[in-house]
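Each in structure tokens, the structures are laid out below.
Okay, so chain A shows up in both of these, paired with chain B first and chain C after.
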Partner chain A sequence: MEKVLTEIAEITADPYGYVAGLKERKEKKVIGCFPMHIPDEIIHAADLIPVVIWRGNEPVTWGHAHVPPYDCGITRSFVDDAVRGKLGFMDGMVFHVRQCLQAGEFPFIMERHVKPSYQKVLYLPALYPGDVMRDFTITELEGFKTSLEEFTGKKISDDNLNKSIEIYNKNRGLLERVYEIRREKPEILKAREVMQIVWSSMFMLKEDHNKLLTELIKGMEAKTVEPEKDKIRVIPVGCLCQTLQFDILDLIEDLGMIIPDDDLYIGSRYFANQVNLDGSPLGALADRYLTRTPVCPTKGVWQVHWGDEAIKKMRDNDARGIISIIVKYCPPHACYYPDFKSKMEKEGINAIMIEMEHEIITLEAIKTRLQSFVEIIGGV
Partner chain B sequence: MDVKYKVNRLQTTNEIRPLVDKHWADLRTAKERGEKVAWASGPTFIFAYAMGMKCHFMAGYSAYCGGIGAGEEVLKVAEMTGDLPETCSYHRLHMGMGEAVARGIDINPQAILPMPDLMVAGRLCPEMSHYAEGLNRRFDIRVLPIDLPSVYDLKDQPRLREFVYRQFKEVVIPTVEEVCGKPFDYDRMSEILTVLKKVATLRNQCWEFFKTKPACWTLWDYGVSIAPVFYLMGNPAGIAYYERLLEELQERKEKGIPAIAPDGEKYRLYWDGWLPWAFLGKFMRKFTPNGAICLCGRYPWEFFPHPELIDPEHPVETWADLYYGEGRLTYHFSPHGTVDLISELIEDYSIDGLVMFSSKTCRIMNLSQPGVIDVLDKKYGIPGVIVEGDMIDPAMISDAQIETRLEALYEMIDSRRR
Partner chain C sequence: MTIAIGVDVGSLCTKTVILDGGNNILSYDIMRSGHYYKGAAEESINNALKTAGLRKEDVGYILGTGYGRGAISSADGQVTEITCHARGATRLFPRVHTVIDIGGQDSKVIGIGDNGRVTNFVMNDKCAAGTGRFLEVMASALSVDIGEMGDLFFASDKNVEVSSMCTVFAESEVISLFAQGHKKADIAAGIADSIARRVVGMVGQVGLKEEVIMSGGVAKNAGVAHAIGKRIGTKLLIADEPQIVGALGAAIIASERI
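Let's look at the complex of A and B:
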């Protein structure tokens, strides 16, 4: 187990180097996906390496001339990586331009600064009423598949697609198992380790990741841990599209809290919902995209309240509070947050919000807020 | 010797305020008359209008709030009731207004609207969905959502047109029929489009007076005249307004009266981004003393620049085609479409420089603006600057920043002229 965790920590310490190396080892082309909701099973089925684009850990430098300071962290970091030439290993890129306004403008910047040999724009729809939404999602996915076939010169059969979906479903199942064990014994992994485990799935080949997870799970199942009863269970929520600064996760734990489960994008949201393998693979991928839960504020869902979902997760895990993490300048989350907060107030839930910036100058302010939160919910 | 520039004010534009006041007043009192009320975002209000509903329009309301000086107080209510300042100020205005009504908070009565029977939420931009969702969650407003993607690449346009057209036919029309309890009024939609076509044709004739050197009016004059080509569509008063405006501009041309005294502009500028509704005067005061005027822009050109394409005989089809067909209205909002549009405008209006207004709370255009400047500079040798601010929120506006950037632009234009 420790060996796997060390390997994952190394891989996530330098995703650029890892993916460039992977490309060389496998002699396959790399396609970056920006970042949420792209069914990258289709890329996998085209015998390419799909990677979910990430927020780097360096401060923005040259990117300042190309991206305003009032855009979110992953936007700023991605543009900075692009203009600094750090993304040269990506042969192609695909963007879900309807995710948010910032995602909508990436293709233009990438065309100019990275010039990937393959670039595709997807207009995945909001989850609105009418058969037209599902039909259009399938049209988008068909177009995506065709464009990849043209890029590689090879047909993607339903068989290829189903195989990839199986591998992805297995990955989702294994990640779910990791989370299940963590729910039983939350002390078993540090929160940063959990995030690294999920994040690595986003840019490793899934079959490689599955091997790591299988070994990890064996170790996790065998390991006994001393329950730390005095730790206060909390559920972090949000942080769309990007890794949370590991320091914040450490801080939460250092302050006497423990995370038995989460509702984070680089967390449980990533692997939620299997793809149904009966019937047409593209239809099944569309159906997974069109699933309303976990509620994603980028998808135009209001029939289910995100706050209710988070509260359920909190109660299911005997947790005592919810920590919303909003990426600064993420409008989908920021627009939803007031309603999320009202729900917490109405239901009498202990909840706090912290804003996360790409460049954290000091953790002091976050620490103070978390400290007072932990006092309120019955900690030190 | 320094030239003292001064704006020559148009008379006709004084007539716009009563028109828009009446529109919003009618909306405010609609329920008293037993009329159905809708709210809309994106170009969707036409469906409510066709059914005889009184309808708001998201950006129009925001512009109105900014124009009547109510923006700041409504934004304060939004802040007080929990909305985050980094969200789009149009979103916050609506949340603030809704909260003010729900909680009985005193705000400018002209900024208050009745809660709608239906919200026709066109999702041109994802924030338009967020505000509709928020209004539904908070005030239980019924939402009719429509997804309206901007076309990134022209080859995507046909399938997006089909997607949107199907939503009009399969979702929008049946829903407004259900809410209003009567069949969809295609004839009324045709009438609205017939009036719109006339107004937009007259407006295009007025645009010719931007081309003259010196120009006879400014983009700001047109900015305050947008309502008749958009949310006042179908109202014949718009025809009369543009006829008078056209007459006044013709007269100016004959008499040699330029938009700014004494002899017209020194710098002819393109304006990118939304118009800064609450700060039109402030910007004007930054432009005029330097002899600069804005003459055209991406947003003001959104309102049917090709009226010849409006086909009132096929109302629903033409509406889809204007946005997703030859009209290319949504394409012009994505970076390549922007480059195409600005290129045309630079040539047609003899533009010297580009002012790219980057709204700190609306991220629909700002990420591509540096690239757009670069592409156009290479193509035409025309400089551009980015000016940061907001359409409504005074907390986001910095005089010093605006002045520095504009001065830099004037200097670049001067140095290239030398």
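Let's look at the complex of A and C:
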């Protein structure tokens, strides 16, 4: 188990080097997908390497010539990486431009300054009131598939697609098993380790990741841990499409809290819901996209309230509070948050919002907020 | 051993309060924190002990709070200034439900429930505009002593808007207002109102519930306190020594732990 965790920590410490090395070893082209909704099973079925684009750890420099400083961290970091040539190993890029206002900027910037060999823009529906949106989504995915076929010169058969979906479903199932064990014994993994495990799945080949997870799960199942009953269980919640600064997760734990589960994209949201393999593969991928839970501020699902889902998760895990983590300048999350906050207040839930940024991380101030939160829950 | 001490190590000042077994204030001390928080905390504790005629051996529990709470070597425990200000405020004014605390480098608004415990709070995040340090810089730009600024406010007869919320930019703005021929008193009133507008936004996030206390060093500035009260539409309660509210809260919690 420790060996796998060390390997994952090393891989996530340098995703650029890892993906460049992977491309060389596999002799395959790499396609970067902007998080959070692109069904990269289709890219996998085209015998390409799909990777979910990530936020780098360096300050934004040249990127500010292309995007304003009031864009979110991953937007600015990705554009900065791209225009500085750090993403030269990416042969293609895919964007879902209805996800947020900022995502709409990428195709133009990339086409003009980076010129990847392949670029595809998806218009997945942000609202889906009826069957017409399912048809629309399937048509979009068909166009996506066709564009990949044109890029590679090879047809993607339903059989290929089903095999890829199966591999992805297996990955989702294994990640779910990791979470299941963590729910039973939350002390078994540090929160940063859990995030690294999910994040590595986003840019490793799923076949390789599945092997790592299988070994990890064996170790987790065998390991006994001493329950830390005095720790306060909390659930971090957020649709942020990027990794948190791991220091924030460490801080939560250092202050006497423990995380048995989460509602984060680089967390439980990534592997939620399998793709049904009974019917047409593109229809099944569309159905997964259109599934109403987990609720996401980038997709309008009025019938389900995110706050209710978060409270359910909190109660299911015997947790005593919810920590909302918001990325500064994330319009979808900022728009949803007032509703979320009202729900927490109405239901009398202990909840706090922590805002994170790309460059500045005022850890001392965040520490005071989180410690006060612990004191409120603890009745000091 | 029923003596309890609360030490609030803030970015500008360190405050200590000593309570006896009946939670009566025996003494308190306020001094500049300087750059060596650990030393400032110990010095402040010793000053307060000396005033009370006590020795360290007489003390049952020392609780640290404030930004330097982790640096107090003799502390038996630490609690955030949010919790401590709430506890101190309810001890001074039992019907208080909102605390506006403006210290050296941060400002916060704290909501308090009927049980005297914190329900919610907001803090300024990264800019120190509207805090004690901001006022110091503004006093320097106006070439007045910081103690005079509060009185200057009441000599104002014209509204001058200081719109900037960045300390450095606000300083440039004040210089520019001087150049335009505005009076010191009007600019001082504009500065006080700029702080008030900022605080109103924070009060809105927490939700105004009376009674409202203002604590922290900036509460000593009558002009700022008046401007905030006017903006939020209620009279602010201010303790005789508003700087020690956090340390008092810390001492109360310390006494509960003896």
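Here, the second predicted complex is superposed on the first by the 375 of 380 C-alpha atoms of A that agree within 3 Å, B and C clash if a C-alpha of one lies under 4 Å from a C-alpha of the other, contacts with A are read in each partner's own complex, and residues count from 1 in each chain.
Criterion: contacts are C-beta pairs under 8 Å (C-beta built on N, C-alpha and C of every residue); 3 or more make two chains touch, one makes a residue touch a chain.
The structure displayed is predicted, hence computed values, not measured ones.
*Asks:* For A:153, using the defined touch cut-off, is the partner it touches chain B, chain C, both, or neither? Pick first, second, both or neither.
*Replies:* It touches nothing on chain B or chain C.
*Asks:* With both complexes superposed on chain A, which partner does A:121 reach: first (chain B), second (chain C), both or neither?
*Replies:* A:121: touches chain B, not chain C.
*Asks:* With both complexes overlaid on chain A, does A:279 touch chain B (first), chain C (second), both or neither?
*Replies:* Neither partner.
*Asks:* Pick one for A:368: touches chain B only (first), chain C only (second), both, or neither.
*Replies:* Second partner only, chain C.
*Asks:* So, does A:376 touch the first partner chain B, the second partner chain C, both, or neither?
*Replies:* In the superposition, A:376 contacts chain C only.
*Asks:* Is chain A touched at more residues by chain B or by chain C?
*Replies:* B
*Asks:* With the touch criterion stated at the top, can you tell me which chain A residues are shared between the chain B interface and the chain C interface?
*Replies:* none
*Asks:* Would you mind writing out the residues of chain C in touch with chain A in their complex?
*Replies:* 67, 79-83, 106, 117-119, 121, 123, 125-126, 253
*Asks:* Could you list, by residue number, the parts of chain A that touch chain B in their complex?
*Replies:* 65-68, 70-71, 75, 79, 97-102, 104-109, 112, 121, 123, 125-126, 128-133, 135-136, 139, 143, 297-298, 300-302, 305, 326, 328-329, 331-332, 334-339, 341-342
*Asks:* Which residues of chain A touch chain C once you look at their complex with the stated criterion?
*Replies:* Listed in rising order, the residues are 355, 360, 362, 364-365, 368-369, 371-372, 375-376, 379-380.
*Asks:* Would you mind writing out the residues of chain B in touch with chain A in their complex?
*Replies:* 81-84, 86-88, 91, 95, 123, 125-127, 129-131, 133-134, 136-138, 143, 145-147, 149-150, 152-153, 156, 159-160, 163, 166-167, 170-171, 334-336, 358, 360-368, 370-371, 374, 388
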